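Report on the structure given below.
Chain nomenclature is as follows: A, B, C and D, assigned in order of appearance, with residue numbering initiated at 1 for each chain independently.
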Amino acid sequence: MSVLVMALLTCYAAGVVVPACLPSRPTHQNLVAHSLACTAGLLGVALGIAGLIAPEPLTTSLSSTIPYLSFAIRLDPLAAFFLLTISLVGVAASIYALGYATEYYGRASLGALGSLFNGFLLSMTLVVLADNGFFFLIVWELMSLLSYFLVVTEHEKADVRYAGLFYLIMTHVGTAFIMLTFLIFFQEGGSFSFEAFRHPEQPLPEGMRTVAFLMALIGFGTKAGIVPLHVWLPYAHPAAPSHISALMSGVMIKTAIYALVRVYFDFLGGQFPWWWGFVVLLVGTVSALLGVMYALMEHDLKSLLAYHSVENVGIILLGIGSGMIFQTYGLNEFAALGLLAGLYHTINHAMFKALLFLGAGSLLYATHTRNMEEYGGLLRRMPWTGACFLIGAVSIAALPPTNGFVSEWLVFQSLFLSFHIPSILLKLILPLAAAMLALTGVLALACFAKAFGISFLALPRSSHARHAREVSVSMRLGMALLAIICVVLGVAPMVVVPLLDRVVTPFASVSIEGKVLALDGWALAPVNVEFSSLSPPVLALLLVALSMLALGLVVAFGGLVRKRYYKTWGCGINLTRRMEYTATGFVQPIKRVFSTIYQPTVKLETEFLEESRYFAKRRRFEFHIEPVFQKYLYDPLVAFFTAMAERLRVIQAGSLHLYLAYIFVTLVVLLLIAV
Amino acid sequence: MTWSLVLLVSTPVVAGFVSLLVGQRRAIEVLQCVQAGAMLVAAALVAERVVATGGVSAGNFLVSDSLSAWLDLIVGVVGSTGTLFAVGYMGEELDRAHVSLRRYSQFFCLFDLYLAAMLLAINIENIAIMWIAIEGSTLSAALLIGFDRSKAALEAGWKYVILSSVGIALALFGTILIYYSSEHVLGVSSEALRWSQLYQTAERLNPTAIKIAFIFALIGYGTKAGIAPMHTWLPDAHAEAPTPVSAMLSANMLTLAVYAILRFKAVTDRSVGSEFTGKLIIGLALLSLAVSATFFLVQRDYKRLFAYSSIEHIGIALLGFGIGGLGIFAGAWHLMNHALAKSMAFYGAGLVFLRHNHRLLDRVTGLLGRMPVAGIAILVAGVALAGMPPFGLFTSEVLIVAGAYTARPEVAYVFLALLALAFATLLFQVLRMALGAPGEAGTAVGGQCRVFTSTAVGINIVALGMIGLQVPSGLGTLLASIVKMFNLGIEAP
Amino acid sequence: MLQAIIVVVGQIIVLLAVSPFIVGLIRKVKARLQLRRGASVFQPYMDIAKLFRKQPVVSSTTSWIFAVSPYILFASTLAAGLLVPVFVSKTPLNFAGNIIALVYLLALGTFFLILAGLDAGSAFGGMGSSREAIVASLTEPAMILSIFAIALTAGSTNLSTIVHKTALLEGIVTDPSPHLMALASLFIVAIAETGRVPVDNPATHLELTMIHEAMVLEYSGRYLALVEWAAGLKLLVFLTLIANVFAPWGIATSVEPAALGVGLATYLVKVSALAVLIGVIESMFAKLRLFRVTDLLGVAFILALLGLVFFYVLRG
Amino acid sequence: MPLFSPHIGSQIVDLGSALLLLTCFAIVAQRRLSACVDLFALQSVFLALTASLVAFLTGIHHIYIAAALTIIIKVVVIPRILKNVIERLNVSRELMMNVNVPTGLLICGALVILAFFITQPIIPLGFLLTRDSLAIALAIVLIGFFTMIARKKAVTQVIGFLVMENGLFLGATAAAYGMPLIVELGVFFDVLVGALIVGIYSHRLQDAFDSVDTSKLTTLRE
């Protein structure tokens, strides 16, 4: 297996070096870079699966001359699982990028794009494999830096630059918190190696554990995009080229989840105070709800998807949070189930979010715009992309035959097991969280009905959409690969659950594979079959059979009657594309119902005809929702610093005497103090 | 191998006077390149010799122990790339007739004398002569700063002269105090001024005298090093001086002043214990970090921006030294990385100034598109100075935080907060310059200048990359012995 | 195994057969309450048969989604129906999914119906879909909570176990109040989901008032037949859910023919009674304004929550 | 030490240092620039005398050379430079001051007390002839520093700086019996070059800003 690890790292390293020094022919650079990334991804998949199956974790390490730093790598099931996710999406994204990068010929240097892409994947792989805190920090910051340079590939646009800078600063603040977390462990263990973190000589005092918990939540939460710290995400992810935003949204966020699980379940051990789990649960619920609500109001397809990443991170945290609560009360089997649900949703989200971003990328590639109001009728023009996007939409809305449903079902089950918990408060909170999860699920359904319906159906709303053509083969292949994985994960969970169980067992110290896979693998059950069970394959078969039945009924009763095509009913006038429902119109009821959260401001200007005030010549409608976090949290902070800087300018007032006085006063003060 | 030390110190002096005498440009250029090469080779040889034998001495004056060898390396590498850049830069100024041939040769004479004074100061074992050498470098720098004879340059020069000479005078008083107290132990002789002697007899020196001497030295050399409350001359001097000079000021002069403070700290630690100096240095270091972090935001001039970044990084290095133990390793490591990154930043700034002829930050955009060399230099320097991983500054900052956390956790928290603020504000300015659509055209830079500057930038990038995540073996032993020098008894990891 | 298949097929036949009858019965009740004779109870059967034979007119702007949606809607609603115990408490397909699976299967149908509504590109379809989205998103939390409140009494979320236990009087709680609240909440949700009067008016084509009808405005011929049938099926599924989960008495707890017969009979009686009740309610209430419906559904959510709280408080 | 016993010798050296301190106070109190320069020259003379006295008492002869250098440089060369700068710039009176004379003197008094308080623990250490001259040297350095802050004119700032240099030289010779010769020469050479550079700068400032009032130099600011 260590040969596989070496092969993987060298392949990525080659991917970083080779495109940079190739002659500047974009086609060559593009081909070489992305094919190297693809092979490396496949190696990663193989290594991930090998790591999951391997009896005991593989560790190799390279010592370094810098104190406390050792380039140590450890492949335990948790790392292998995330490596598998990263590599799968990496393969799909690199196949997709072969076609998508042609858009950047001449606009950006392909050599740089290719090597940065490989570097980004390499840094993410190393983040997951790192076994030394210092090495983890280096690779973590490297990941942020490389993804920053990828986000600003189109740095001519001012908003892309702003998005990139906002992202870089937020992740750096996050890293400061992560550094403090590791320092708390470092102080006890005396070295940065994760082994010392896991088993410090004397266990951390209670106060330090809480500080470590909060620091880790804030630090990794910034990268994962939990609610108060999510504000950079809808700027940064859409600004990047689509195959990069697929990687960022689908996988980079997951490295933060990996790190959270590693710190909470691996380093802080099993005994949590009850309110830890509750805080994670609360953050998860709020992130899920607000994530989907803000997504509903977005009309830029890629930022809509970015907000959905916030929502799905919330759902993952719901799973992990419920797992932590059960761990507090010693219900290890349910804790394992909660963690397993969270991890299952992690891989599912990685798959369908990457698929949706690649789909959005194809739309952007075909129509050169991200505004949904200008799409329309693209399903007839881009059937492949449409079909893949539909599968993605159905799975993110967690509807039965697909993977989103299975993992959300598992999260529901872990929340419903709350009646085993002794404390009354939690007994009520968890079902409430389940209700909020249901609301999130169905709002996601509405949001993706809007996204798919407005973009792909009915008449094209702009000339861009009208002239759109199906994208190239490699892009379709990339999307199709992810779509197939989504369906397979949805229909055959009995393949995934045993692998996940191997990840969860060391943390919850109990194997629940037998209990979760009931009826010899056909059904999933939350630890006891009596409580509830779900059999995705049977549901899928049922749906197919009953559709056949419906077809049979139709043929039996009606016979084969040909359809007649005619224009849509428009109360007598022929419908034009301007009469279609727009995305804004679609979400207008939801905006009114949840207006307390949105605080929408609506502007309507009408130009009337000179002749009479009853006939409008032109009507302009504009609405925007209150960026609450930006307005009340981030802008005041930035304003405070600029104001402080302005006030402090007076120190450098230019007069020589003032400067001399500074030195004089310092001298006298120090002399008085020291002696 | 003593000739390497002599060669190191004497080549700049010789080159300086010869370039003053010889008139034509071609000869000066060749001379400077040879001098740059010689300095680099000599510095490497000295360092290699010190690594091998632990110390090199030539005559009873020039002695180079591990700390001096470390500084020799820094001044050697950055000095040589600086000279290359100066040749390119001044050559361009000569082509554009901004400066006459006579001024051109005067510039190089002063430039070389400045380097010679610094190298002398590093390798002298006598604290008084070290003071004289530093005074010499201050005076030559003063003339270099006022080189342009514009109003602003004059004002900056004047402020630099007054503030630095006051600082140097205070430092002299510190030296006298140490001499005064060591005289009682070693008798009235030049022996009482040698570092090695002082280290041995430090326990027997009068503790209060040493404390007062350290304070004077800290304030005196602190003014030279640009530590907060005494940093006020630094932004003006760096902005108004010709760019090669501000590069050398930023990279070498500040590092030299920190070296002097470290020498005094070594003596004081042996006699009074490191607690006293630690508290002082940490206080001032955090103050300079705070001042520079807030001032990034209001900058309109990119050279002042890099000047404030120098104050910040000197503060970080000093914080490392103040913490001791692990911090010493990190501080020394930080000084070398900062020197390389900061000089590269100024090379980029120099190119931008040559093209745009103004220093307004807002009107310089899209460097990567129009001027790839300057753009890459500023971008890589900005990323390195902000403390991002592939470069050594990140590793040293993490080590400092780790060291600070074990010693005084609250210092670590304040340090991290200020670092984050400085990171955000510095990158906000640098990235505004590097990215975006190319702004106004300005006048293109001549071919010869581009060759010199890109070689200078190239050497710096290679050096930064090499010492990014790994400590080459030779440097490792040097750093170990430096740490031993300061940590009496605490074993470096 | 064979016995299971027979029961499933029987359940399919019963569901398909009874659903148009229920729709017809409701229309008959409403007509009678409006003092008119109204169409015969079996009119929906004839409508569906006629529609199957007519030639469907499809809009030129639509894509394949428009054609596929009716089939998916029909299949998912029927699949949901199979998860619910109809006349025998131990439905064979019980292991395939619990309440959440049922809710999400119905959501799958709604999803494709919304898409079909948008596909035609007319303002009616768009308005219907957007209103259906908001109504669906408000009903689901209430539905999940109310069914969860019931599941707590029986200690399981699998419908068959709940029905089986309550049928055998095992799980009956001394104080029925949590049950009543959950029942009320589920009833409101049923009305909202199936588009009955207080929330939506199935009988009219006036664009201001119709939600469900607006989405299916463009359908004709066999597609309309399937959609109508599916709507009836959905109504039947909800009524069965209410009937069997809250009043499972008389349902066959074992698979002998006699018990099955009795089960079927009581089932038909219960469902018709509920249909009559719905018809009466539809006549009593006028359609609420769209943004008043949200308050109604808020009430449903609070009721379900109270049911839960009472359950815990009482049981302690 | 044939002529005077160590006791009387140290008293005379203290007298010399006290005279130096007195001239410092006079410079701070002085408004006319030319008078300041003369006072500075006077102070340098006293300094030279004290140094030669110390040399005579301790028998270390190279201090004589240092005293001679002081006289040549600080009594003859530098005052002449400053005098012609004053004539050329025809600036005679220091009208606006940062700190007016009475408060200036008060602060100087406080500085002397501070200097004595600080050097208190060091004094017993010094078995040398000139124990408390170290305290006076520190006082002169601080007062010189203070005059640079208190006065606006460039020339007075230079004088303040030179007074500091005198304080340092007193410290070096009286307290520590003079540094080794090379060091003394080096220090003098640096002081001379420093004065030259300051002279050049004041000339250029005069041409550029046609005034030597440093308080106007505030264009370089944040």
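Basically, a contact is a pair of C-beta atoms (placed from the backbone, for glycine too) under 8 Å apart; a residue touches a chain by one contact, two chains touch by 3 or more.
In this text, all values refer to a predicted model and were calculated from it rather than measured experimentally.
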| item | value |
| --- | --- |
| Labels of chains that are neighbours to subunit A and to subunit B | D |
| Chains linked by the largest number of contacting C-beta pairs | A-C |
| Whole-Å separation of chain centres (CA-atom averages), subunit C against subunit D | 102 |
| Inter-centroid spacing, subunit D versus subunit B (mean Cα positions, whole Å) | 31 |
| Chain centre separation in whole Å, for subunit C relative to subunit B (CA means) | 79 |
| Subunit A and subunit D, separation of their C-alpha mean positions in angstrom | 71 |
| Junction residues of subunit D, two or more chains touched | 118, 121, 145, 148, 157, 214, 217, 219-220, 222 |
| Multi-partner residues of subunit C (at least 2 other chains) | none |
| Contacts with 2+ other chains: residues of subunit A | 649, 651-652, 656, 660, 663, 667, 671, 675 |
| Chains grouped in pairs wherever the two touch, ordered by label | A-B, A-C, A-D, B-D |
| Subunit A to subunit C touching residues, read off their complex | 377, 379-380, 386, 390, 394, 397-401, 405, 409, 412, 416, 419, 424, 427-428, 431-432, 434-436, 438-439, 441-443, 445-446, 449-450, 452-454, 456-459, 518-519, 522-523, 529-535, 538-539, 542-544, 546-547, 549-551, 553-554, 557-559, 561-570, 575, 577, 579-581, 585-590, 592-593 |
| Contact footprint of subunit A on subunit D as seen in their complex | 98, 114, 117-118, 121, 142, 145-146, 148-149, 152, 157, 214-215, 217-222 |
| Subunit D-facing residues of subunit B, complex | 126, 128-129, 132, 135-136, 139, 142-143, 146, 149, 151-152, 154-159, 161-162, 165-166, 169-170, 172-173, 176-177, 179-181, 183-184, 188-190, 193, 206, 208-209, 212, 235-236, 239-240, 295, 298 |
| Interfacial residue positions of subunit C with respect to subunit A in the complex | 12, 49, 52-65, 70-72, 74-76, 78-79, 82, 93, 95-101, 103-105, 107-108, 110-111, 114-115, 118-127, 129-131, 133-134, 136-138, 140-145, 148, 151-152, 155-158, 161, 217-218, 221-222, 225-226, 290-291, 294, 301, 304-305, 308-309, 312 |
| Touching residues (chain side subunit A, partner subunit D) in the complex | 649-657, 660-661, 663-664, 667-668, 671-672, 675 |
